[in-house]
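Before anything else, here's the structure in question.
For reference, chains read A, B, C and D in written order, and residue numbers begin at 1 within each chain.
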Amino acid sequence: MLKVGLLGAGRIGQVHAVNIANNPRSTLAAVSDVNTPAAEKLAARHGAVAQSSDAIIADPSIDAVLVATSTDTHSDLIEAATAAGKAVLCEKPVDLSLERARACLDKVGATGKPVMIGFNRRFDPNFAALRAASLRDDIGKSELLSVTSFDPAPPPVSYVKVSGGLFRDMMIHDFDMANFLMGETPVTVSAIGSALVDPEIGAAGDVDTAVVTMTYADGRIAVIKNSRRAVYGYDQRVELLGAEGMLQVTNMLENTVVTSTAAGVSSAKPTHFFLERYMPAYAAEWEAFLAALLDGAPLPVTLEDGVAALAMAEAATESLRTGSPVTLKG
Amino acid sequence: MLKVGLLGAGRIGQVHAVNIANNPRSTLAAVSDVNTPAAEKLAARHGAVAQSSDAIIADPSIDAVLVATSTDTHSDLIEAATAAGKAVLCEKPVDLSLERARACLDKVGATGKPVMIGFNRRFDPNFAALRAASLRDDIGKSELLSVTSFDPAPPPVSYVKVSGGLFRDMMIHDFDMANFLMGETPVTVSAIGSALVDPEIGAAGDVDTAVVTMTYADGRIAVIKNSRRAVYGYDQRVELLGAEGMLQVTNMLENTVVTSTAAGVSSAKPTHFFLERYMPAYAAEWEAFLAALLDGAPLPVTLEDGVAALAMAEAATESLRTGSPVTLKG
Amino acid sequence: MLKVGLLGAGRIGQVHAVNIANNPRSTLAAVSDVNTPAAEKLAARHGAVAQSSDAIIADPSIDAVLVATSTDTHSDLIEAATAAGKAVLCEKPVDLSLERARACLDKVGATGKPVMIGFNRRFDPNFAALRAASLRDDIGKSELLSVTSFDPAPPPVSYVKVSGGLFRDMMIHDFDMANFLMGETPVTVSAIGSALVDPEIGAAGDVDTAVVTMTYADGRIAVIKNSRRAVYGYDQRVELLGAEGMLQVTNMLENTVVTSTAAGVSSAKPTHFFLERYMPAYAAEWEAFLAALLDGAPLPVTLEDGVAALAMAEAATESLRTGSPVTLKG
Amino acid sequence: MLKVGLLGAGRIGQVHAVNIANNPRSTLAAVSDVNTPAAEKLAARHGAVAQSSDAIIADPSIDAVLVATSTDTHSDLIEAATAAGKAVLCEKPVDLSLERARACLDKVGATGKPVMIGFNRRFDPNFAALRAASLRDDIGKSELLSVTSFDPAPPPVSYVKVSGGLFRDMMIHDFDMANFLMGETPVTVSAIGSALVDPEIGAAGDVDTAVVTMTYADGRIAVIKNSRRAVYGYDQRVELLGAEGMLQVTNMLENTVVTSTAAGVSSAKPTHFFLERYMPAYAAEWEAFLAALLDGAPLPVTLEDGVAALAMAEAATESLRTGSPVTLKG
């Protein structure tokens, strides 16, 4: 039974709290949040105590912490928790600064403690099934990957300004998806992008619509498309073309009703946003973390994976600025 | 090169004329119609002559006739043409009277000439592929057949009054489809039906919505659903459940455009009506007729098949009247 | 906070236990089972006590009981629990005997206590959305309902022998679905059926493949198809044709991966069986029961509904035996 | 009635011959080919005469020529035919040399004769319906276009060597599709590509897998993906994301049969290759050419369009060579 401290009682912290509490192999012992009443409320719901993050990290009875705080605190908390001998599951991204994230990686390496980054999409049953099919060699050698990832609506500009930009904030999931499905990191990253959805996003120095192309050492190719707005819902699809076929993940729909009228044939929209789409993924992610800690399974997403995705985001940001492809350092 | 006389220059006769003329192994030599200008116009378009049906049947240079006249003339024309030594492809149904159709079958048998009934749906690439899969044993022994067949809109009541009723006019196609896919005729036929679409159809003594269930000697089951109105288009589907799986034919759509908006995800309607859906089937039907006459292939739909479907329509009509299942005579 | 006693700790009882315990407005206080260790184990998992059914019913602190015991105990437990002043949610069917179920209805009526029957499919998000669309008049007046309900594999013959037969055990769900979607009970019921899947089922006097057609007072029509075996998974679909269109519920698939190879295009199978397909429905069912008890919402499925479905099952059983349609008494 | 000379009796010439001959407003008068027997055979089938291209162009009774010869002859034939006063429909591409194509455009401009380039995909009912929906403003302002275009199998390397490369030979269709759907030409073109399918293609200096990204003056974005090999068939899809939704064209399938077994749910493959997929498009293309010549409709694809697509292919070729985006001259 793993005793867990949850750092962060916001929207995503609440999702994790349920999974920690419902899993028969873990118990939610403590919750922290800068908003103390939020921590107290969430703790009460699951029979846990509300404490400061420092107190949780200092508590020797806590085996692991789940970091679901704001991004700017991630590196510090990872370092503190691993230094205190705890295993860590940290929400993405590791940091907005690649340099800081690499420093964190060095420090954690010295402790030898396991740190998993919460790239939840790897645990989505659909993407996981696609990868299993690829590893089973259902389509032969993969050649061309396409990732489509559109949010239903743009975030407030105030959020955009502190987000680190579309590549670090949103496309980082897709960079990790590419690493997950291609089995290696790319050699070059090339980005184009515009503020088409909201001119305020452009005024804030960011883009809301972007395409990144990447090449791999053996010539393989990946394309990622992002938009901050798909009015029909959360659009999360992948296509992997291989020598012997193609694998696709299509969207999950809100329901399976089909309506045929004189106006046409219509079906439900994709599930609205990430909480609806990825709720099963969050539970599977927690299960995988427990399997790594308790059963000796390999850690399915490492801190190195988090740093790798961040390096790709930084390269894409630079490519967008310069208008030229960026070569990643090996 | 088969020299062909076409009896009937209406809508369906015009479809056949194109297929006869375009096929490199047949030529359209003559066209008749009670409406002489219609025959002349169609003949002119294909380099044929307009003549009376009698003259066509009497012309020794004509090898085969295609009967696309009104139903009440079918039996007489089949008998006259076969007596004159011609092969015949006749539109369904053979006759509205089962007794008359059986008499026709006897007369034709004495001539030994080939008579094919135009159950065009057997030649639809989708239904043909389903049957091929069934014969390939893709789903093991078939157990339960469902045929859905809805027209886009009801015909005029004036037509309904002379049509012989829904079972002889519309469901006869589905009775033949059941025979085609189950490989035998049923033992019992049970019908329910109502005039839900148009009360005038009810006032004319017919129904516009009906379900027929049928049982086979070995216990297998078939269901046919008919409606005179599906406002979204021509709905033509089949499902065959077997011991090792299910085969389905779904509708063909007008195009493959999918539109996703805040209102939902919509696609095109099914192809509008039988001419759109079954145009390739009519060409394949003619090809199959030529293959039987010129290559010695077996006749794919016989006059016996036409009589069998008519017997099922008559049984359904009686079952609807009496409220009880009707047992077919072997 | 509703204090609940759960009678029956088997497979379905365990599903209900989780929903009772997870819902913030109910608590699982006690569990009974003829297999005492099963009751104790389930009770322990949810902080409840294991007791006899009699003790639970006699406990004045228990507000409601959920009956998930074997069918032959349902009527007695409903009567005892309501006599003791408790609200009841009882798994389907009410009883295998229509006479006994009607007597139960009379007794319960005298107590005035609410009894809901667990026709879980009404709470499936897909069927619920179809009904909402129908009530919204998306397809105009409904005319022709088709329900397809195939299990993945037949139950053991030992179960079949005590099940009351396919119509009472399996199709009863579909009879209720018809009542749910058509908004009234039918006037006539006509059944055909065979033992095609397993001859042992036939030897036990039951069928494993069946089709029932039903007519309504205003001429509308419904068809239900059942098979005990669809090797591709749990097949649960509905089609409702109306004057202005058609509504369909299609199957939910295990995942959204599509694989295209030289062999064709393939996707995942339907979810395996009722626990996978209807897990969200069970939670929604419990939520609806709470809404009725605590918020004054109308009871969404009544004991009368349970008796009505049973009357249809009995009529279908008789129709299969006699080969003739059976008229339901109003 | 337009009298037409067909230059080129190869595979695509034969398709055009049927459409010219079947259309009631055009007649096929003459056919030429470097392979004289091929011209004679095709001419005979349609009641035309076989002649040299020079003789056809010199024949004052011929109104229009359809150029379906090898690419290296296109510019010369377009110039000669327009100089002789004829309207021209010429297969794509105009030329492999952008300079030569521009010179051709200048010469043709001086004659004032209409020249249409055979970008057949504009006339595919699916792509045409997508564009109509976009023009109808079904999805608001378009923002992000994705074109997927995979051939079923690579051509022989001998063909690759004289093809002008993937961008001029294959992706040129997709460049025109982008111009068709975006309504303007892009500002920048950036390409990546590899020889993943066949190393011989790489040895010949070409690629077989490529992705091109393009930006537009107002910030809009387009992505084109090409592969010479999709073993499951001809993959021809488009997605257009707009401010108020998304439009997609999905593949047409060989038939609508769906097979569900214990192994999964499978459907037919996409139509095999361009002749199957685009047969209706070729007929519609000819119809549109006639409408422009005979009814005064605007020419739907101009020689300018052909030159614009070629300029994009040349830019992509240069971008692939240099590894940097190429800016198109206005």
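The rule is simple: a contact is a pair of C-beta atoms (placed from the backbone, for glycine too) under 8 Å apart; a residue touches a chain by one contact, two chains touch by 3 or more.
Since this is a predicted model, take the numbers as computed values, not measurements.
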Between B-C and A-C, the pair joined by more C-beta contacts: B-C
Centroid-based (C-alpha) most distant chain relative to subunit B: A
For subunit C paired with subunit D, centre-to-centre distance based on mean C-alpha positions, whole Å: 57
Distance between chain centroids, defined by C-alpha means - subunit B, subunit C (Å): 41
Of all residues in subunit A, the ones touching two or more other chains: 230-232, 244-246, 260-262, 268
Sites on subunit A touched by subunit B in the complex: 230-233, 253, 260-270
Subunit A - residues contacting subunit C, complex: 125-126, 129-130, 133, 138-139, 244-252, 254-262, 268
Interfacial residue positions of subunit B with respect to subunit C in the complex: 143-144, 146, 148, 150, 188, 190, 192-197, 209-211, 213, 215, 219-221, 223, 225, 227, 229-232, 235, 239, 241, 243-246, 323-325
